[in-house]
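In order of appearance the chains are A, B, C and D, and numbering begins at 1 in each one.
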């Protein structure tokens, strides 16, 4: 595995590395870690990498790695840069024959996303998108419960993603994480919507298997001088007639990373909280509530997808890094199958892919269009 | 105290009686408990009332009680009937000189509500509206914290009221509570919006002191054959520029009475859950979260309104009936002050009144108008 | 109903009054509310009582009420005084023909308790003991689940009752509640053990139907100058071979009234917390945890005792006063049955009685004996 | 890093590997993974190790690795075998010049533990003991809060470790984890006490800085035919006069890994739960409760030890593997400092060491002695 981005001071790149390392099946062999070649070298040293494979630039990296014999060059590359770089980097990597793991949102426009879908199709490379929250085993259990009809036809979905860290103008105080996220050029038009709203969308569609068809959105910028939205409130229609509420925020003081979802069907309900990821609350009409707890045999027996992504017995909590590692686990198995010219285990294909990335961009485009519209409902473009 | 409604099988009337009795300052002396005179008698007997004061009809009751000498007749009457009866009964009572405690929603139209405002003004009677959730001490503490600037200028409000009891067509199975609530004639046009959406509206405005100015609402009827909405999703604008999400539901299987609110200001946040009413969660920027617990001296010292409505020390939980008793407590003090020709303690005026009732009807009218509109925002009429 | 104690500034007497009033079946008609006749009169006035029935002294009260014709005199009297007065008052009342509701602990010695058992037997009066925590419906549900074998043979019980309010020498700061509780003459030898340890004992034996046979106790006085223990730690053996831990404290800063119990059987476990009384957590081997919630039909269907003591639907929380009211509810039904010369409904006998009071005194005696012993185990005397 | 144990089907060895890998500073280069050489080879293959460094036996491993030039041989070895092997293996490794990370309990007797202390002293190797729960950042914060006097002098400690997985005779059903733990020869005399009781002891002493001086213990075997205790209940005295309760269980059905601690001082209290490790509950006299949340700047600013062991921002939960990785992080830094002939950062010494291991064995010896004694208190031997 190689990496683009994830240089000194970056947040998510280092988390990718930890997640990729966890299970021992993936080795980081090189990368172009920073736009500043010195910083890239510094990170390479810190990671004990062969200096020859620490590059100043992703183009240089692609060129050099392509020359290495198969089996020695990077099997795949993780793209952990600001949003606006995702497309050109992923494109170049795929066309050069590398499999790609990409941070979300996948691109900064629907057009780019559609182009990437075609490139993936053409190059037949494995493309993974780091919607890490669907890596949690209890999210997979929830999906399987909906699929098997445990709660009946879904009627209502409430999904939220409140954070509070951007309640002040942090981007003017030199915070690197805040700066690029609030720069529309780097983040792609929406701040809160793109950074975390897409996670909410992805989670809701992943678990329910439904597709959003219409949004009624309001994007607000509460912090003076900020160039992008920092708060999203949205009504949603789904393709089976279900209704939903999606709200996300970066100005909700005191909230940390409170992604949570409530799904109500004709027979029951499900509830999951990212900050307490080992539990799935299950409600069945006329019966006591249930708490499904990760690591118990009854979870793995019900959902092989959840069982496959569980490392520790019940009561030994797993968390964020493990969820991300689950995305890598399946992705790497799919890459490995390709390298071995085998058909991958269908369970290994349970990671977000280029279609999910396109979906995220369609969501964002619809969100931005709805926010500008005075009409109540804005339909997703076909 | 007298009562209209609250006959055998009624839910809320008996709760009113318990709440009124709790503190020993109010005595139930008579009533017209049921549209069926026999059932009214039956309830009177069950309550050990003087049979002479158990009436077949509220008009009969008013006529008879009016003839009693002052000091002997009912000081006030509680109206606990389906929504469509509230206005004519309250009107008749007020005009006959009785103080009135009325269930919510106050009327079934803005016009009735406006008329009632005038009648209260003219008759100078005390009028209380049973928005019981604002009777909880921790709600009063929250209001006082916002008022004193503890969380800074309010930016975002999320208020929810999910229930699941009407997830099936209970009204066709002979359930009395379900029947009148889903009959548009008795409930007043909106099902979920009128029954519980108004509580959410009232709670948000009570705590923040803000007023909603625009709604963007979607009302849905999920249960086949139901004549009113059973699910409400709504975006909100407030008069200080704050944004909000309000959602309520009667089809959210597994939810019981999960009214809850999250308020975010520039400096902090507040969170309160009706099902765990003794706790107020306070979030301050850059500091550990705090849990304020009812009954502690630091609560009463900060908020005299919360202290005044606290009966038990901390750790000895108080709940729903006590909250309703708090509305009666203040209301009865106001009535008493009037009887004694004294000015009431300003704290005694902390109960929902006819203006809150009008506000609720304006909310409902705007909700219904918005639900029908294809425009995103519908403004409250001035 | 009459009352001894519960004068101005008293805590528990007023709670008794609220609890007794709640359901409308009990009327407070008089009492001897304070050792100071002026204060007794003051309380009578506050309660709007007939001044003729507000007494200076309980002996005066007994004498006067006895003279009233049957049907007019108090049907029963609640004793809400410091512990050392319970026995002489209850004795006098019973022997004068009154039914008695008594605060706990019932007496200050086993000898007194045994005498009271005999007196109740002889006088055939109804005697209730206010172990209010067993009045909670979910405690009754727990008892019925154990009884029906839902968790199998009980193996282990952990019961705790930590409070923090006596972490400093409040008794020297003029706090009335603290003063009598820390005066060995008024409280009966043990501070924390008698005040709250007995609740823990009662709860454990009530739910499991087991009896403690041996204690290994340590009583500690942490606050300098305090005359009684303020912390209790205790190992327990039960009569079926089960083992237990019982700990209680008045110096656990930050704890309010955190009575809680965990019961583990061969097949499952139960967990209940007084501060969140509407929930019972049920654990079944190899299955998801369950949360039973008060007010649901599945509760009442399983446990008629729980159903009978439920006033509000699920999600409308009930709490401390309602639990106490449940004790009064059943007690008053038993009294009423006696007055009507009927056999009471067996469910009406579900309130703590003189045997429970004796049991509490045996627990306290064993606790104090064990605390003084250097042997590990001290057996309950037969 | 090398490893002894952790072969196919082993639980804790694989967790060690994940924890060691996480941060990228430690590489697994070889090991003797199973008593069965074939299985050891199998594990080596699975880990992509150089077959030459996958050994049949730890003695073979030591001999072979010793021959490798410094810098190429294993810097340290992790011992992940049943308890009875810890001592001979650790001894051999230390005497052969390897640093050692050892699972707990460190040995199966105090004598062995004392011998190991001397061996560590003599060989000057770094010795780490995997008491992983003290690796959690919020445990370190708790320790620092006690140290800085935040809660005043400690008075009472309640520490629990209930599990339910051995509620039936799993050892007879071929469960590998259950088998060795319930075999007194392999586990060292106590089942529940040694496996998890020592964690409770270690946690209590680590956070408070106090030492237990006396125990009053009861060990019970509930499952028929089991050869060791499966339930521990214990009263504790600490060296500053504090009192405690320690209970642990393997038969508490429904409990998973519910290690938790409550510490009460003269001014405040602390509460921490292993299953929700990112939160520390802080109680201050007369003030609202506080929830300290991992990852917030206020945590790192207060406790550099907590800050140093935090990888993710607040709201992005960290869990069990990360806690274990923290032990490895500090341990490896200490090893590295030794390799570089530097003095380690004092913070790097914050990992459990041979003295903690000795302490654990003293605890177990005292626990077993107390369990056999009819006297209430058994003192720790000096």
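Operating definition for what follows: a residue touches a chain if its C-beta (ideal position, glycine included) is under 8 Å from a C-beta of that chain, and two chains touch if they have at least 3 such contacts.
Bear in mind that the values here come from a model prediction, so they are computed numbers and not experimental data.
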Which of A-C and B-C has more C-beta contact pairs: B-C
Inter-chain centre distance, subunit A versus subunit C - centres from mean C-alpha coordinates, in Å: 55
Whole-Å gap between the CA centroids of subunit B and subunit C: 35
Contacts with 2+ other chains: residues of subunit C: 255, 289, 293
Graph class of chain-chain contacts, one of line, ring, star, complete, other: complete
Partner subunit B, residues of subunit C touching it in the complex: 11, 14-15, 17-18, 21-24, 28, 47-48, 163, 165, 255-258, 274-278, 293, 295, 311-322
Contacting residues of subunit B [partner subunit A, same complex]: 151, 155-156, 158, 160, 162, 164, 167-168, 216, 218, 220, 222, 231, 233-235, 243-245, 247, 249, 251-255, 262, 264-269, 283-285, 289, 373-377
Subunit C-facing residues of subunit A, complex: 282, 286-293, 296-298
